[in-house]
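Read through the structures below before going on.
In what comes next, chain A is part of two complexes: it sits with chain B in the first one and with chain C in the second one.
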Partner chain A sequence: MASNPQKTNDSWMGSRLARKEDLRLVTGQGKYISDIVLPRMLHAVFVRSDRAHAKIVSIDTSAALALPGVVCVVTGDDIVDELRSMPQPVLLPNLPAKYPTFYPLCVGKVKFHGAPVALVIARDKYVAEDAAELVEIEYEELPVVVDPEAALEPGAPLINEDHDDNEIFSMTFTGGTTQAEHDANDKEVEEIFQNADVTIKERFRVHRTGLTPMEPRGVLCDWSDSDGLTAWITTQRPHIDRLAIIDLLDIPADKVRVIAPRDQGGGFGVKAPFFRENVIIAHMARKLGQPVRWIESRYESLMNVGQERDQINYLEVAATQDGKLLALRNRGIADNGTGETGVYWGFVMPFLGAVELPNTYTWDKADVKLRVAVTNKACLTPSRAFGHFPTRFAIERAVDMIAHKIGMEPSDLRRKNLIPHLPYTSTTGEYYDSGDFVQVWDNLMSHIDMAKFREEQQAARSEGRYIGIGFGTGVELSGMASEVLVPMENQPGYGAASVRLDPRGTALVFGGDAPGGQGHETSVAQIVASAFGIEPQDTVTTTGDTATTPFGSGTIGARGASYFMSAVHNACVEIKVKIARILAHDLGISATLDDFEFVDGQVVLRSDRSVKKSFRDIVERIIMHPINMPPGEVGGLEATVYFEAAKPMICFNADFCTVEVDIHSGEFKITKWVSSEDVGNVINPLIVDGQMHGAIVQGLSNTMFEEFIYNDQGQQLTADFENYKIANAADMPDIEVTYSPSPCPHTPLGTRGIGEGRPSSVPGALSNAICDALLPFGIEITELPLRPGAIWKKIQESQA
Partner chain B sequence: MELAEEIRINATRDIVFAALNNVEILKQAIPGCEALEATSATEFTATVVSKIGPLKARFTGNVTLVDVIAPQSYTMVGEGKGGPAGFAKMRTFVHLTDEGESTLLRYEVKADIGGKLAQLGGALISSTSKKLAGIFFGNFEALLNGERAIERSSE
Partner chain C sequence: MYPAHIESYYRPTTVAEALAAITRQPEGDSMFLAGGQSLMQAIKSRMVRPTSIVDLQSVAELRGIDQANGLRIGAMTRYVEIAEYEQFPAAYAALRDAAERVGDRQVRNRGTIGGSVCWNYVASCLPSVVLALNGTMSLASADGSIRDVKAKDFIIAPLETARREDEILLCVSWPKPPPKTGSAYKKWGLVTDALPVVGMCVSISLDDLGKCRTAQVAVAGLADGAQIADAGGAALIGSAGDEASISAAMNDVADSVETHSDHWADASYREQLIKRLGVEVTLRAFARARR
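The block that comes next holds the complex of A and B.
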């Protein structure tokens, strides 16, 4: 392994420290959910629907039950009276929507290809798989709805029959809260469009694609009459899962413990919802009095989760002839799938996508409306770039189309319209707290000589080669303040951490979130080491166990560096205040925390550096020898701190890429990719680089390759990695990540969370580069994915 | 999946049409047919083993003949369940035309497949269907000429 660089400036903050967790992960010592084996453990396999929409006429389980080793086979009818249906209040956003009622197993009918119809539990996984194949289900088919626009037509076949149409959610995001205010706003927007020099109107379509974590889902539940339920779940939000299980299974609150395994093979949002599978496994473990485990197959995973994007945006933009953006109008239609997952219900993602539509640009006015349709597809699950991958593709393409129309450099048009000063509240009401968009942009542009590139482009065209450059920008939530997360997901936004010092001078940190590979153990250790002047290896971090960690809403929405790390830091400061008070008392001086420096394992008096005590000695003294204490002080060194930022926070990025397109085949090659990031103060640049590379690659993979395909019968045709192609290393360009950070004023360390939205500036940048290359053909890309065949067809059409 | 083809069969139209309604001949001609029973003049139950791509499935289902115009045409409507492999629904229109002493048989198949069959075998359905149809009519003609079916399996 590469040696670690030394810390800089007496602080581990900003060090490229190799990740503490990597040694065990790359040497096979990680402990994932499948590595947890309990005595008497049973294995569960779901029987899933091969129809997209059908009544369940009958289920014959006799052949499955007859197989030796099978313990039981349960169906929806077996469990309706034994547990509560979803939704339950803890799983509902504070948003008005037509929430479907559903059970862990389908009752009465199936609504998508892959829906769980029955559960087989056996003493052996292989027996369970064999038995699942013997369950015979008779269906009576119902009309299938796979097109979101058709789903919203009057008289379309109903999917969730507890409601009178397929529109699960709709909202107007601009102008105010009443109909009269919306109407007045829409009229003003219309006036701007009537009087504008230039307008564009386009239907932008982004396909269904998302995330495929390396480790699919899993649940292991153990029941004991004395201690209740212990559930290991691959999850990003164990504390919310715990509350949901308590409510759904009516188990006393002190009898449920949820543990997200320390090692999880990625989340990316996919493991953030509360899933129906959790409930039935927990229920069966209680009912059978034996541990029950379900490990999702890749096939099931691709059928059920990781599906997002999938929107149509009818977007209009008005601008002046000299390139000032004036107004935007959008009618979004999102394809929700069934809506059967807790917390998000599918539509919360397109909801945020609409909120984030204005992106980094100033608009005088906007008229943004969204309708979300239920269809016979798997429910959308969050995938990094939560909801706004399609809207950002649309807005970034629209900006270029305006530039093409008025003959302006797209980069100049962007800079002219970037929000010049923060804080700023967008036309859809999103608060941008701090940073400097223009500085980040100018840093990006310092990596390209536009005049020279245009010369090269002209020269290439004269040789029949087509090269182009494309830009994209993105503003992302950096964590979510309670004032955002409570209405959006009915959950608190604060970050929480407990820091406990050991008498030997090491630190234990406990957090209620549940990371899946982001490097929390390393980032936490760097913060603690910097705070106490100790070494990073002297900190051990525990996350994800509801029995030992303070409440957290989960590893979601870029809450790591923004909220959780801030709580860790503040807890360290609280402990340092106590150490300083007791040390001053022991030294017989009048001093507070500011008078001491924690460095190199010592606590040093700043005014006389010969006065010092080793960190370990003072910690041991306070914990083990709490006598002769200052008045009112007691022993022990532990603090639990909840951190809530004063304002919702953001981070920001801008990208460009260059491409060369082969006009004879439509194939294209990305020749350069450069990004400029404002991520605030960086805890570990190695980890941030990794986040950025991963996010850009994910954006490219979604844009170029990945696509979940349903045919007109609702059959999901992409349930393996042969048919659902994701990018591999050879498909990807070199990526140059550059930084232009401004410290966040609302976090104690100036950090910003970065894990969420980054991929969504990618499809716009890449499409813009291809359109720039093909400008002589006048091609404007409005649909993803970007396949060579589709580009070739557009070239042919333009020449016809 | 849609498939349409014409085949010239060396027999008169009456003989061909009768054979198309003859359970014993159909049973021998259908590749992978394990059972075929008439439950009425126009209804059958069938068990057929097929291999499509990586999947081998035993389909059980019903076939009904509708719009029967003897000795000219009928439409065969069938639905088969292949257990964990998925399911298939099929509608086949068969039309016969005299061509001297032989008969021109035209068929149009529209099939919907679902489940793993559609997912894993999707790309192979069309070619497999063509192959199976070819085997069927090869057998069918051989049987009409008093010979034994040549190919019995789809593998």
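The block that comes next holds the complex of A and C.
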């Protein structure tokens, strides 16, 4: 790749290297789950509920079974005695909740439109689809609950009947652990509100929306009595899926291997849960002794996964007349859907959203409570900006509403209340390890002349044009330390990597996470090349195969550059220490790693650069010719390293955008979008730019276009791309990403994991810009999505 | 997204072969396939279940734009060909406005004008354009006969046209344009490739004084599909192309059609879009007519 920039300072770190994986991906050479075809493979199709809440009276499979080519048709009743129900401990967070008991196929009743009722397995996909149509299900309607507030009312129809109400989870996030402590805290907060110069109180509603990976889900399972189960699953966490399958199907641990295909068309959190479909496909492959494959259709995907946000926040903020934020009080109500999804159960996202409510601002006190309601909708699945899209929209809007009330520039109010020094523990107890929020903010503000903008705004208004500027900030988890991930998801947070050198001087890296397009192969290669002084093309990375990789909790929560890459680097260092030891012995000198430099394919003695050995030769010598070794030393060059940071880590960003609103149609145009990012030391700026562009576009798309809609009867009306609208490139503004990085002190390379939570500062910034433009009309946006029709209506109402 | 069983697929190269192929099949079970940008989705979702498909892609005589005698656009002419055709007279310029914004690039490279008007989807651009421009649809039957149907008689209701299932739409045609005539079309959708939430097509002919002599307004995106708004056409007559009179006419259009609410726009916003787009499009049609 001649056009690639070269390494700088003998390091590939920070090099804008074109991604190693892209050539195969853009030339049709990618190998996705649908490309894996096994001999004798059967095809599975789910028969899904067309009701939102109904008792299953009977299922007649006879016509389907009679169709030539159909192997079997399975219902919930057929499998209840053959496998264990969920939840199993490996899929349970350490959070007290009313977890529903459920099976891969509905038993007794259906709880949402799209729930799997039966499974047809046939010799080809066409026959399976034909047979699925012939399965006759008789239902008896049950009352449907689609409103989370109604679901929490006493006497509301019960959805998960193994519990006595629809509240799957509730929590108080501030002020201690006992009721008395909560009461005391709430009283103090109330006192602040009573005495505050200015307060606002608003109901903020964010709709149901989320992420839609280009490749939907898929599962392919193969069973042999000798080797057990091999399961290819589109997943972000193959190692967790493996443990879940072991427990649910009661298969010996040495007989289950899960492989996340190297190429996956995006995850974005949607492929992070453990799904019921995995279990039944694995079970049937074992039972039939034949490979079984299920590939999700787009329709199924939009019916079942990628649905998140969906939350009401009754938020109050108290402040002083000169713009000091004092306290916040929030009553969150989240719409969980059924809760039938392993690992997250829906409510783990709103849980984190509530934790992250204080965002980047200092507060004297907070009173944050959350209730999560089960409804007759698909279970929430994680979607990039895990849980905090709705709460961040609310807090960023509330900050502007305070600013409007006291007549202060929203940007000045933000600057005044930004957390001034890190580390810092937020009012909800979240630890912010390092960085400089103020420096990132000031970098952002260096890209806009506020005084000039206000002049232009005034001039435009006199011409009947309405332009505005809006700000948003965001703090994100940069990977999750075990001390966060164990309580939250019952999983370790460490990153793990094996690095193995080949006798020919190239490197093989194995990681237990499972990327879906993030560019891990390139970032890893840059780290390894920098460590060993070799070329990026000399590293091959294997991810996602539980048989060959060390345990990893998955490609989730911006763990890449924080945890996994740190483990890769540390493994390289461990190998280098050994190389240095043996090389010093061979040279007959007394030297350690610090005395050598690994550069340009050579290992060079720093004190006398004429003393050097080719990297390949020393590697081959240690692996292939382990004689005349230092005392006690054996051959081979391989290291597996687990990396746990000393502290949970974060990254941080601030955005502004400018808009022009047409008051006659409510349409708006985003005229500028600028971000300022603290991403730590960057491995590959091209990849980081891409993360930011993608995240901001996804945030805009969620804010402006995408919405999952259920009608009163729980019918999902948006299960195709004609009705679930995703942003096109043509609808997106130019995005100017700027950096103000500070190295992370807790990772060996100063890197931070980035990109996961990034979309969530977008809805606030955009809404704030529109409200700023429409300030003469006194419009405060409190609901998403931001549709021109709704904005136009608000303008009409303000003029009435 | 796997279609129900399809017995046979034909790819004729002439209209006569295509008509023969369709009549060989039991009625209702066989369908013509044009660009496939709507029909293939309907087939794959099993909304329609043809047992036989007669694919018109290789019928060369159905393609092309010809102005030898008025304007004739072959039914299998693709959107991209209309969008890139630079010789439309001002009278028929709305065709290009519509074609260049249908769907996305892939759709425009495959989709056809004939497919669009014969499918007549509830929210689509071309049916409203052929209505406002008063196009003539020529339909051929296996017995060799050809009948001409005016657009207003052809477009009946969403997914319903005057075409019989054994007829092929040969072309949409127009006479040589009257002088001082202009047309324009614009749609509104939430995203660039969206179907029209509202689409407005206006055709205007001016008299020697530059006042509107005849006008026709069609609206796309209504619950009843594309339709002519007679009130708008009538109200524009006599207009000098000033914004006040056009705006009044578009208010009449908004009042005269039944707007509905869906998740893209409620009824009152649809009315507002009709007014806003209507004024913009009519101004453009006037400007084109004056050239």
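The definition used in the following text is that the second predicted complex is superposed on the first by the 798 of 800 C-alpha atoms of A that agree within 3 Å, B and C clash if a C-alpha of one lies under 4 Å from a C-alpha of the other, contacts with A are read in each partner's own complex, and residues count from 1 in each chain.
Simple rule for what comes next: a residue touches a chain if its C-beta (ideal position, glycine included) is under 8 Å from a C-beta of that chain, and two chains touch if they have at least 3 such contacts.
Since we're looking at a predicted model, the values are computed, not measured.
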Which of chain B and chain C A:Gln715 touches, first, second, both or neither: first
First, second, both or neither for A:Asn723, with chain B first and chain C second: both
Contacts of A:Arg40 with chain B and chain C, given as first, second, both or neither: neither
Which superposed partner A:Arg504 touches (first chain B, second chain C, both, neither): neither
Touching partner for A:Asp50 - first (chain B), second (chain C), both, neither: first
Touched partner set for A:Phe705, first chain B, second chain C, both or neither: second
First (chain B), second (chain C), both or neither touched by A:His113: first
Set intersection of chain A contacts, chain C complex versus chain B complex: 133, 717-718, 723
Touching residues (chain side chain B, partner chain A) in the complex: 83-84, 86-87, 112-116, 118-120, 122
Chain A - residues contacting chain C, complex: 125-126, 129-130, 133, 297-299, 664-666, 704-705, 707, 709, 717-718, 722-723, 725-728, 730-731, 787-789, 792-793
Complex contact set, residues of chain C against chain A: 1-5, 45-46, 104, 190-195, 263-266, 268-269, 272-273, 276
Chain A residues touching chain B - in the complex, by the definition given at the top: 50-51, 113, 132-133, 136, 711, 713, 715-720, 723
